[in-house]
């Protein structure tokens, strides 16, 4: 059976930690849809178009990966994308509890899609979009936290 | 000694999980006051009147239950309501830590009222007002998460 | 409806923290059975008879409290004791998770009995039977952790 | 690329929760090796042969599943089994932290094998081998916690 | 080697819990800089000038303590202040996880500064600026949570 | 004031993670006593003499460090050693909760000694004596987890 996973997030911005999760997911699923959430109620640092484009730049040339914006419920995007799985990275206990609640609520709404969890690497555990935004807003250098763009 | 418990919350909206806590509390206390918090600083999906009314609809006919809006500190409402206890539901570790801090601060401010904790059922652990609001805002079907209204 | 709660534990030994939970429980339940577990597989510091007797000494004269040893499943003891509730103290996140699992398993085996959780006081949170046993084994003074016996 | 996952555990005994993890894993991996750990230092309720046989009985007829005992490091078994992944179930925060440490230590020792985490269902979260052993030792009925054997 | 620690926070307001951390830090470091964060994106109850002044009032006469506002990254303030360490208080598991992420990100950006953690006292664990703000906003009495000002 | 910290543990064996904590502690305290606990009730992999000697080998030539075995309560050793502080490493949430309980109980028994917490580095978070013992018992190579001995 072909597997298609959705990796949903706001990716504001997409970090080295996210990139590592994608790379691990590609050893597990036939196709991966990176779904960039548009959250009307939340102020983002980067526009959804900037976020989508920067992720496309990281994985360009890899036909298994597509990058798309989405609005509304993640389960609705999963249906549209023909997903068999969702994939999420786990860094902390707080992540885990939040993700467990979301996965169980999603499972009730869309029983055909199972959530699969992958771990951040130890040396990337502390990298989060929140930290990167704080660094960028203060005019700091965030290159240690962000993917290198292939030329 | 007659026991009167206050069950405080924002109930935006009141979920199946909240209903289960109330039903368990009614096996423990003589009277239960469901106290619907008005938080001036926070945007709610439902007005406080809508929230109070919908909870009244769930428990109509049960003389042990009253439903009231309140502003300000929960301990001040408890004093006014003649409470002997507060009751709270626990779902997650994050809930527990937050609730422990609140209960201990409340105890310092109002030593005569003790907080009692009840558990969500396993199959309702993932139901939260936040999840329900997300579903409703996206035009989804939240009926799996909400109480049936008695006709 | 008369409420009867079982407070199960190994109480090896019964600490100031346990005493506080009992006192809070007596404001909530009509009767309380303190059930002292006999765990064949675990080495205890005090015999079950010593543990039962020392708890009886703390609550002597209070007709609402009985203290009994038990073997086997806690739910079986609850049935025998005519319990409507179980009561447990919560100190830490680790406690909470362990207690949630136990309460949910017990609920599946004996649906008529609900578990109610009470908090340790902030200044007693760090008191545990394990700490007291360590102090006693090293010949230290554990009186700060233990109930005063009424003369 | 063919994926082969190892699901290691002591499975003393194999519960409904373990069965659900296996079923979810079979939607993700081409082959699954259930590896039953022999822990010389720990007393088990069932012999390793009993545990292996009872798991074989659950999945008999499914050629993708093999069940084997192992001793020593899990990473050494993974090498021998040609594993591309390990799979583990997550129930609680305590599980998560323990599993993260193990997965990171295993990754250092065997970088080619990634650990994938799946969630227990909400209504199975409280099922653990420890609970089942307690029930069985007390002569209770554990059938609610155990897989049905196909005739 | 002379040690200089930075104790960063928003201190909105500075509580008894913060005061206890400072007093413990003064037994450990030669100098302490209390750094009051100016967060442009967040509404505060007290202005940064009020917060700085009220902390100065608490420690006036102690030449080892200085109190300063700062904007931008904490690591940049640490560089400017000649810090050898950062100091943070830990109350809850949620604190710990958040602090660990911050400390690890800060360490990557400024390897010469190590974060040191001190514990709140048990009877102050539940005191947080958030609780104090809630009490003050509701017109309650927060004096149990705040330092006494030396006349 | 001269500061003397005690770093207590069973160190069975002393890992790279322990070594990092010692190195961080030496930037904070004037003297450090590494106290190797003798736990009569627990089976250890290495004898207390082997553990003391291997730690001495790591820090030989550093006059600020002494390594000693101890029996009984850690607070009693601290008194004997003239300690002003205890130092402990934190890796996980489970560590944190356990350490908080211990530190608070110790503080009640010996108020003059404060516990200070330092973090493991991200890439050493998963290193524990337990993992090392498992590797060694299975005949594996644990050199990635252990300090290099200075020749």
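First chain written, first letter: the chains are A, B, C, D, E and F, and each begins at residue 1.
In the analysis below, a residue touches a chain if its C-beta (ideal position, glycine included) is under 8 Å from a C-beta of that chain, and two chains touch if they have at least 3 such contacts.
Small disclaimer: the values here were computed from a predicted structure and weren't measured.
Chains making contact with chain A as well as with chain F: D, E. The fewest steps needed to get from chain B to chain F, moving only between touching chains, is 2.
Comparing the CA-atom centres of all chains against that of chain F, the greatest distance is found for B.
Averaged Cα coordinates give chain A a centre that lies 34 Å from the centre of chain E. With each centre defined as the average position of its C-alpha atoms, the distance from chain A to chain C rounds to 46 Å. Work out the mean CA point of chain B and of chain D, and you get 39 Å between them. Residues of chain F in contact with two or more other chains: 93-94, 97, 100, 104, 122, 125-126. Taken pair by pair, the chains that touch are A-B, A-D, A-E, A-F, B-C, B-D, B-E, C-D, C-E, C-F, D-F, E-F. Taken together, the chain A residues at the contact with chain E in this complex read 91-94, 125-128, 131, 134-135, 138-140, 144. By the touch criterion given at the top, residues 71-73, 75-76, 93-94, 97-98, 100-102, 104-105, 108-109 of chain A touch chain B in their complex. The residues of chain A lying in touch with chain D in their complex are 1, 3, 24, 27-28, 84-85, 90, 93, 96-97, 100, 103-104, 107, 114-119, 121-122. Of all residues in chain A, those touching chain F in their complex are 93, 122-123, 125-126.
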